[in-house]
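Lettered A, B, C, D, E and F in written order, each chain numbered from 1.
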Amino acid sequence: MPTGMPTANSSAGHDDHSWLWVQIKAEARRDAESEPALASYLYSTILSHSSLERSLSFHLGNKLCSSTLLSTLLYDLFLNSFATDPDLRSAAVADLRAARERDPACVSYSHCLLNYKGFLACQAHRVAHLLWRQSRRPLALALHSRIADVFAVDIHPAARIGKGILFDHATGVVVGETAVIGNNVSILHHVTLGGTGKVGGDRHPKIGDGVLIGAGATILGNIKIGEGAKVGAGSVVLIDVPPRTTAVGNPARLVGGKEKPSKHEDVPGESMDHTSFISEWSDYII
Amino acid sequence: MPTGMPTANSSAGHDDHSWLWVQIKAEARRDAESEPALASYLYSTILSHSSLERSLSFHLGNKLCSSTLLSTLLYDLFLNSFATDPDLRSAAVADLRAARERDPACVSYSHCLLNYKGFLACQAHRVAHLLWRQSRRPLALALHSRIADVFAVDIHPAARIGKGILFDHATGVVVGETAVIGNNVSILHHVTLGGTGKVGGDRHPKIGDGVLIGAGATILGNIKIGEGAKVGAGSVVLIDVPPRTTAVGNPARLVGGKEKPSKHEDVPGESMDHTSFISEWSDYII
Amino acid sequence: MPTGMPTANSSAGHDDHSWLWVQIKAEARRDAESEPALASYLYSTILSHSSLERSLSFHLGNKLCSSTLLSTLLYDLFLNSFATDPDLRSAAVADLRAARERDPACVSYSHCLLNYKGFLACQAHRVAHLLWRQSRRPLALALHSRIADVFAVDIHPAARIGKGILFDHATGVVVGETAVIGNNVSILHHVTLGGTGKVGGDRHPKIGDGVLIGAGATILGNIKIGEGAKVGAGSVVLIDVPPRTTAVGNPARLVGGKEKPSKHEDVPGESMDHTSFISEWSDYII
Amino acid sequence: MPTGMPTANSSAGHDDHSWLWVQIKAEARRDAESEPALASYLYSTILSHSSLERSLSFHLGNKLCSSTLLSTLLYDLFLNSFATDPDLRSAAVADLRAARERDPACVSYSHCLLNYKGFLACQAHRVAHLLWRQSRRPLALALHSRIADVFAVDIHPAARIGKGILFDHATGVVVGETAVIGNNVSILHHVTLGGTGKVGGDRHPKIGDGVLIGAGATILGNIKIGEGAKVGAGSVVLIDVPPRTTAVGNPARLVGGKEKPSKHEDVPGESMDHTSFISEWSDYII
Amino acid sequence: MPTGMPTANSSAGHDDHSWLWVQIKAEARRDAESEPALASYLYSTILSHSSLERSLSFHLGNKLCSSTLLSTLLYDLFLNSFATDPDLRSAAVADLRAARERDPACVSYSHCLLNYKGFLACQAHRVAHLLWRQSRRPLALALHSRIADVFAVDIHPAARIGKGILFDHATGVVVGETAVIGNNVSILHHVTLGGTGKVGGDRHPKIGDGVLIGAGATILGNIKIGEGAKVGAGSVVLIDVPPRTTAVGNPARLVGGKEKPSKHEDVPGESMDHTSFISEWSDYII
Amino acid sequence: MPTGMPTANSSAGHDDHSWLWVQIKAEARRDAESEPALASYLYSTILSHSSLERSLSFHLGNKLCSSTLLSTLLYDLFLNSFATDPDLRSAAVADLRAARERDPACVSYSHCLLNYKGFLACQAHRVAHLLWRQSRRPLALALHSRIADVFAVDIHPAARIGKGILFDHATGVVVGETAVIGNNVSILHHVTLGGTGKVGGDRHPKIGDGVLIGAGATILGNIKIGEGAKVGAGSVVLIDVPPRTTAVGNPARLVGGKEKPSKHEDVPGESMDHTSFISEWSDYII
């Protein structure tokens, strides 16, 4: 965590956002000076903008546009959405912090803002979700389609997602229509929160706060992954996972056993500890 | 199923196709009226066209073009292919119906036509396959490459695919050169129908009619997934699966046991029932 | 292997590279003649260039550009990188040979050069890695981001990768910051070489020479996959795998057992034998 | 003048502007209905926008952008300029009226808004002029350069231009840095309001209200074209022209003679009468 | 005139057109072979097409497209127009011949087809004129606007133009709504065929067969330039010019005098003789 | 002239060029700092480049590219041309100086480099001329066509042009195949150096050193405009003009009379004095 950053206990909100935007511009300015070949990119995406929302709207508009959905149209849409719903900005700020704090490969806020497809897909999803809630569904679905094409991240616009989310690497993530993701969740790539058939209605997983879902995990059906639970990479989960337990394997089992599963103390969605369960994984016998 | 749709028993063919195109235009017109920001997109992709084939050719040409493969060239290619092979149209119609009927998140035919990367990748593949059969292999492979880049769906142009196919979500699907997929099959994202080494020849799976393959399943080698079989999410299958049985797990086992596997009555490729086998999955012990 | 190709024992280097470039142009010329619709593409990407490096720089520049990172800028960057580091060229040559020799679906060198997203992503990664080593990290990360968006292949610019690599299909591959990949390795799609949490430092797998990693395998942590080892499709590996053994399953076990695993003689990264272990996979019971 | 239009004597301003925008949308809607091939264009440029300013900003942003000056950047610039200076809107409205009333080939307001390069160049110039006055000269000159490239209309950003201007056809118009153009002026294509050498300072023509300047006329130096004067096509004028007189020829002479020139009563900038002087043009002797 | 070309007396029509297209492809093939850097361009614009109409439609679609009027839409429009009206093709052929025969700088038919903005603007105008006659006026005017922007050639879609037309250099040409141009006319750049005020109705010049109009000439009003007449560069003409006479100057006078003007025998629109009148131009006294 | 600039007498060459490039970068840096909205543009076009040639090649490549002639191809072409012929650089430097010294509206060297279409068209022409001399005529003509489309400046690639040229405003300039332009010439917009018919061979004007040609002047035929002569705006010249005399009018006459024309002392191509002849223009009688 860079020095000078407000502590987690500070009353966040406007001050915090201001600090972050100042920090992002400072990072971009430093990079533009050290790397002239990148300066044009940094000026157009960050340094020429007056706020995080404008920078993000510009960047997403240019990333998600196509020959039939113009960048100007999308830019407008993002600007209007950020102006309509201030939560979009605070969610973006929380997600930037999540990446910076949890991912050791994240070297700066601007790095995440510009380059993390998981971060960008998530912010674009939040706008699609706003449109969905406003009953502008055809537009929400068109935006969803662009996100799925450009980032290979497929989050249904109706899915509800909390703040402080890290979609790490993100390629191949699929999140279904009635899925709900809590706060401070970390989800690796290739994770599926899917449905269970052609029945409509509430049919996708509910992910509690602080959950960590490893790469390639497949979670299907209207089941509950309890607060602070952990799902191992490559697991296939079709039944509820209790809070602060770990499910691993295909099909997934609880570490420590179904009856008396081991409970961990930390918040895996924040600690990102993927593999501490190994020693307990009974038949892991290489 | 929207009211007014011809029943499944009606003699399909031209009338059916006409009905579908009329329906798609009506949907697009309704959406254009309710959402002016999307009207331009809907007019350029659907409402300005005189037929489903022209709409699809235009949309795919604009989606798949690059700075070195121009949209005009691809548009031409698609138009000519649809004119050459009427099966392309009937397959597109069957695939649209499949998405509309099997995927509860599919709110309209136009939604699928415009936004489903699985649908679009499949139609573009059908054209690449036509080129392959016409011995225009370099062009087929160039088109294949564009589909793989744009949609992250990698279907070898030689692969043979039936009608009424649903590639749901579709990101990460890989289908090898000698794979065959029957009719009315549903395949979720991240599914691999792969080969088994560097030996050439017939080396990829054969998928029977009505099969359902869950997300992330990996099926390798010249094996047979019998008619109406089901492969669970995340399964790894390297041996034949008998008709109307269910294979799950890594490595996959038959639900009910190898000797006397449970047989289901419905067609899972159509019912999309992913998870009814759970209670029978012996060591699924969360 | 086409006739006229220098034998493997010949002193490779410049002669070999010349032979390959001559061969690629011959292939492209043949295809341009047989397929006028593709001739423009073949001339712009291959036939108008004087060397493999220039062709590759041009092709990557046009593939990876965006409205904020211009093709001319990227083209410059690739040309300069190839001029700076001759290893980039020899690595590209070795990778082209790897695809041609190991993948039966690879019909020509030009096919791989133009269309294989794994090949293209790997060459672009090599440039990003050069930038990283030159301490031009913001530019390396921007390039990394473009590769991840365009090819859905996410290789951290710091990851070290040998020569003769085949990323087959490639969609969804994720390779972490401190991962190391040896020579003559073959890696299928959806493979993850990931970390184990938010701890920094050396935290990703080390893949020995000649290793073969099957589709969808997830390998996590600073572990060692020994020389000539094989990891089955869909496996989840969190512990070292000894040389010339095979790990399969979720969690992965050694074929033949932990104590006395079966050892194979061939180099699976080259033979691409994915499935010969089946008969030994104890509970594979379909 | 279409029925229902407020009379010239009505208190213009907001009501008038509203009427015009309603009218433009009605025209565009009518055209979109009768011509589906154009509907996409009409929706993206007019029908999806909530005001004339937004429509114009969008259209100019897309017309004037280049690979190094993005449409999103220009769109932002135009939107901000219209928000900053309400005169830009009233000038656009007056110019639209001028084209509709004076040019018999102008079939509708939307026709002018979308297609008249003179109208579009003039509105973009007004924004460049605002930037110039705000001392943002490098940006003003960059915008000027785009206007000159795209429309072949070269108006220095410092030039001051009144309202109700018709640049008819417009190609090749050049207006120098210290030129001033009054209200209700009509200027045909290829007209030059130029300087007289390399001396700086006030060196370009001053054009009075209601002047009409014929095609290809060249007016050089800090001279005055009096109110309601007329300059014949192809004339070369280097000396003041008195109000309500006509100058024709190369070099230009006053119709009726220098001593007692004929005076006309109408306002030629509005009547657009180019040729009524012929009978008086003494040596016009074909 | 290249050897092997059918003589002027041959029954033209289909054979002639075939010969020309074969010739154009031969030229393009020769150029592609000698200049690899241009081969991609030549293949995409000429060598990949099966007919002159398709090549021209492709080239114009790519030249005239914009971010809001897609190349695919324009390509479709041009293809349909050529299919609807065979005169478009024969006019294109006649215009190609005109350029090749009259302009010594025209080195080949393909040079004209690809590079002559006058030729391209004229063919696009013919399509706009067809749309105008079909009462598709908004689309005709949108196309007109693109031609005026891209080529700086402004021909009203209602203007009627014969065959065998050479617009040489073409920049700045303006042709009004009710203008008529006969066959075998040559018109240099900056020529205006303009109206005379804001009166509607028939108000533009009528240009007879075989007329030559020099650079920068301005011809205004519903006047008649007689068959085989010549208008000198920079002339301003507001009165009829009799057949086979020459008008020069500003205002224009007849060479030889109004009463008994010199009559020439050749067809200046074909001979392109601009300046033979000099010796007779009485006060030309340098 | 900015302070610090080497005096005209300094031995120019490399030092001079270095000074100029340093100056241009300083100007661009100053503008980027004062105008963040333009910084991206300034970095991509100037500040990220290591030399004037690279900057110019990049800028022209992006300005002149089209969907069928890619920016990367043109960039390559320009870079190679500048490397082949060092005169291209010294000519660009001389032209930049000419604009800066002669045009009071030219506020900086970078302003000219980025925005002057006359300067840019001239540098691109110099490359087309190099290609012409290298017998790469189809490529030269394709480049010529792009220049004519983008800048509305039409200079035949065979035309020979000296150094220190100012094409001021430039729109509509036409220079024929056998035209020759000396050093330190200034040419305003709409100027034609044209031929006289369809006869081939040497048929265009020869313009001496230091000539000034006013806006809209038309000079036709293989005639000689003597050193230091001046041609008035709108003049039509078909006969030789002696050195240091002034020709004006349509048809042009010598100021002072044919027998004893006034001779001026200065070099009008440098002084840019357009109008000092007025008092002597006998019938200029407004």
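Simple rule for what comes next: a residue touches a chain if its C-beta (ideal position, glycine included) is under 8 Å from a C-beta of that chain, and two chains touch if they have at least 3 such contacts.
Which chain is which protein? Per UniProt: A, B, C, D, E, F = serine O-acetyltransferase.
Note that the structure is predicted; figures quoted are calculated from it, not measured.
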Between chain A and chain F, how many steps is the shortest route if every step has to go to a touching chain?
1
Both chain B and chain F are touched by which chains?
A, C, D, E
Centroid from C-alpha atoms only, then distance chain B to chain C, rounded to Å. What do you get?
28
Using CA atom averages as chain centres, what separation in Å is found between chain C and chain F?
51
Quick one: which residues in chain F touch 2 or more of the other chains?
37, 40-41, 44, 48, 62, 67-68, 70-71, 73, 76, 152, 171-172, 190, 216, 234-235, 250
Residue ranges of chain F touching chain D (in the complex, touch as defined):
31, 34-35, 37-38, 40-42, 44-45, 59, 62-63, 65, 71, 101-105, 107, 111, 114-117, 150-152, 169, 171-172, 188-190, 214-216, 232-235, 248-250, 270-276, 278, 281, 283-286
What residues of chain A sit close enough to touch chain F in their complex?
32, 36-37, 39-41, 43-44, 47-48
Chain D to chain F touching residues, read off their complex:
66-69, 73, 76-77, 136-139, 141-142, 144-145, 148-149, 152, 154, 156, 171-172, 174, 176-177, 190, 192, 194-201, 203, 216, 218, 220-221, 234-241, 247, 250-254, 257-258
What residues on chain F touch chain B, complex-wise?
67-68, 70
Listed in rising order, the residues of chain C that touch chain F in the complex are 44, 48, 58, 61-62, 70-73, 75-76
